[in-house]
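Each of the two complexes below includes chain A, the first together with chain B, the second together with chain C.
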Partner chain A sequence: MDDKYLDIVDKHSPKEDRLKNAIVSFIAGGMLGSLSELLLRGYMIWFNLPRKEAGVVVILTLIILASVLTAFGVFDVCVSKFKSALIIPITGFAHSMTAAALEYRKEGLVLGIGANIFKLAGTVILYGIVSVYIFGLIRMLVMGG
Partner chain B sequence: MTNKFNNVYVGDSYTIASVYEKDGPIADYFDKVYDKDLYYGCDTFEKAEEKMLSDSIENLIDKVEYKDSDIDYVISGDLENQIAASDYALRHFDIPFLGIFSACATFGEGLLIGANLIEGKRAKNIIVSTSSHNMMAEKQFRNPTEYGAPKKKTTTWTSTGAACMLLTNKKGKIKITSATCGKVQDKNVTDVNNMGAVMAIAAADTIERHLVDLNIKPNYYDLILTGDLGCYGKEILIDYLKTKNIDISKNYEDCGLILYDIKKQNVFAGASGPASSALVLCSYLLKEMERGKYKKILLVPTGAIFSPTRTFQKDSIPSIAHAISFEVSE
Partner chain C sequence: METYVYAFLFCGFVCMISQVILDNTKLTPGHVTSLFVVIGAFLDLAGIYDKIVLYCGAGAIIPITSFGHLLIHGAMDVAAENGIMGLALGIFDLTSAGISVAVVCAFILALIFKPKH
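After this line comes the complex of A and B, so read on.
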């Protein structure tokens, strides 16, 4: 009996357009990357910065841009169009923190924003640090540092 | 078990809808639309939902020219933790209050309890109400409100609105004739983004028991409506009932597909939330029954009564559906 119901559920569960979403994400994400590279070159020329420091300024620019777009309620609309292209880069990280901060601001600075701002981004930080540790260890053992 | 009623009538109703609903096909049927934004002048979404619900109850009492003391009970529930919208809205009234929860089937549970209280002569006038707020549901069950992530096609869109109905023992044009209480169903569906698949089984069970108890065929009703199965859940229900030799394909629709136009509006599989079925019933259906388009309808609000914590613990999602029948009295 259970099987019959789950078969009918399967029959009426639409397939997600994975290939289409992947292509959209690839193109949009690639464009975001290319624009960032242009910006990087720009910062190097305009502010006479070395490449490494210009990179940090580009990241800051993207974070600010994503947070402002989230605050104005535009970012989630963009995500519905460009899919994961905006979620995977640093813009997604900034967006998750701003969204949480906006949501909990009425619950106070400590128990609201403070306790909840890393609600989604905390996972990225935790497993980011854990994987950096593991890969660092592998690099040290295999390549000697 | 199906209760039959002889003395329960629909006194009147009041609906307040919001920004997404006013773009839907039945926008003209709402009593009021709060469409400037989703705050309605309040500083939080929580207070906005409370305002919507208390305004709708207040406006219903004014509309029928009653006082608080004329109402014996308000039965209300919503999707917030501790059914907070209902609890906080009812502090503005001097009326005995019963708080209930069946997720999106809450309005059905309220009507079932209310109709039984009136039929049992324990009360004369009862207001049944419910509300949902898109942003509150996002906050309660999903991600932070402004958080955007790609969504699946089977996702439903929580409706924003409040609806209330006055049940009374005074003779009126529309009668509540019977109610079938739902049983909790669980077919091991774990996908929180496919609530239609979670809840279709509950609707199927309740509809089947309703028809058997009353010994009637689906075509007894002009229209059978589920609460918020969406376009995919609707197909699942039709196909599953066919395996039980019940054909509802000709006179069945889902309220989630009446409230929104899924082809024009970006709402994925359709509307959800307790307000979905309540708004459609209290505006479109009642008015069309009064005009004579429908004589007999069966409303089956469907609810996924799930806890996000249990879902994270990899548990499947239980669901429930209650059936209430309305008939134009002679």
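After this line comes the complex of A and C, so read on.
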């Protein structure tokens, strides 16, 4: 009975073209990567920055761009077109913060924006920090750095 | 010139993997980004991610995996000088710019704009 039911659900749920999604996100993500490299080279030449600092400026550029696009409501349209090509780069992190801040603005500055700004981005920071402590301790105690 | 190609391949590959995970499992983008941060932190081991950044340039800097890499990289750099306290002191050394700018941007934009639905 359950199997039959699941079969029916499977038959009638809208089929997303998985192969097409994968190819689209590969190409769009790749383009974003190459464009960022171009931007990085540009920053190195224009502002005379060393490669490491130029990388930080590229990240900041993407964060500001993604936040502004989110505020104008363009980012969601782009995500539905380019799939995870915009979620996995740092743009997704900035988008989740701005989207949460905008959505909870009406609940107030402290209980709305303040309490909810990390609603979606918090998971990235949480698991980043916890895994760094675990991996870092293992590396220091077992492998000596 | 090869850097552009490698940047395309690496960034595209990471995005494609996450899209395949999203399409074929019940995991949400939150799960996938968390997973990729942990993977990035793990890949800092033995300088693997540093080599990827060397070859792929910005293609390896912008995916969320680099966030985990930068977290542990800053922590281990300070830990090399200050011992075990360095983990706590240096963890945000390299990512503070990204996080603080994202917070300020989100706050200011939330004050100016109304949510679109």
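Details
Heads up, the rule we're going with is that the second predicted complex is superposed on the first by the 132 of 145 C-alpha atoms of A that agree within 3 Å, B and C clash if a C-alpha of one lies under 4 Å from a C-alpha of the other, contacts with A are read in each partner's own complex, and residues count from 1 in each chain.
Everything that follows uses one rule, which is that contacts are C-beta pairs under 8 Å (C-beta built on N, C-alpha and C of every residue); 3 or more make two chains touch, one makes a residue touch a chain.
None of these values were measured; they are calculated from a predicted model.
In this superposed model built on chain A, chain B and chain C occupy separate space and fit side by side. In the superposition on chain A, A:77 makes contact with chain B only, not with chain C.
Contacts of A:140 after superposition: chain C is touched, whereas chain B is not reached. By the document's definition of touching, of the two partners only chain B reaches A:6; chain C does not. Residue contacts after overlaying the shared chain place A:131 against chain C, while chain B stays out of touching range.
Touch criterion met: A:102 reaches chain B and chain C at once.
Of the two partners, chain B and chain C, it is C that touches more residues of chain A.
By the touch criterion defined above, A:33 lies against chain C but remains apart from chain B after alignment on the C-alpha atoms of chain A. Residue contacts after overlaying the shared chain place A:120 against chain B and chain C alike. Minimum C-alpha separation, chain B to chain C, in the superposed model: 5 Å. Within chain A, the residues touched by chain B in the first complex and by chain C in the second are 16, 21, 70-71, 73, 83-84, 87, 98, 100, 102-103, 120. On the chain A side of its complex with chain B, the touching residues are 2, 4-6, 8-9, 11-14, 16, 21, 70-71, 73, 75-80, 83-84, 87, 95-96, 98-100, 102-104, 106, 116, 119-120.
Those residues of chain A that touch chain C in the shared complex are 16, 18, 21-34, 36-40, 55-56, 58-60, 62-64, 67-68, 70-73, 83-85, 87-94, 97-98, 100-103, 105, 113, 117, 120-121, 123-129, 131-133, 135-137, 139-140, 145. Chain C contributes residues 3-5, 7-16, 18-20, 22-24, 29-30, 32-34, 36-38, 41-42, 44-45, 56-59, 61-64, 66-68, 71-72, 75-76, 79-80, 84, 87, 91, 97-99, 101-103, 105-107, 109-116 to its touches with chain A in the complex.
Interface residues of chain B, counted against chain A in their complex, comprise 43-44, 139, 143-154, 187-189, 194, 197, 200-201, 232-233, 235-236, 239-240, 243, 266.
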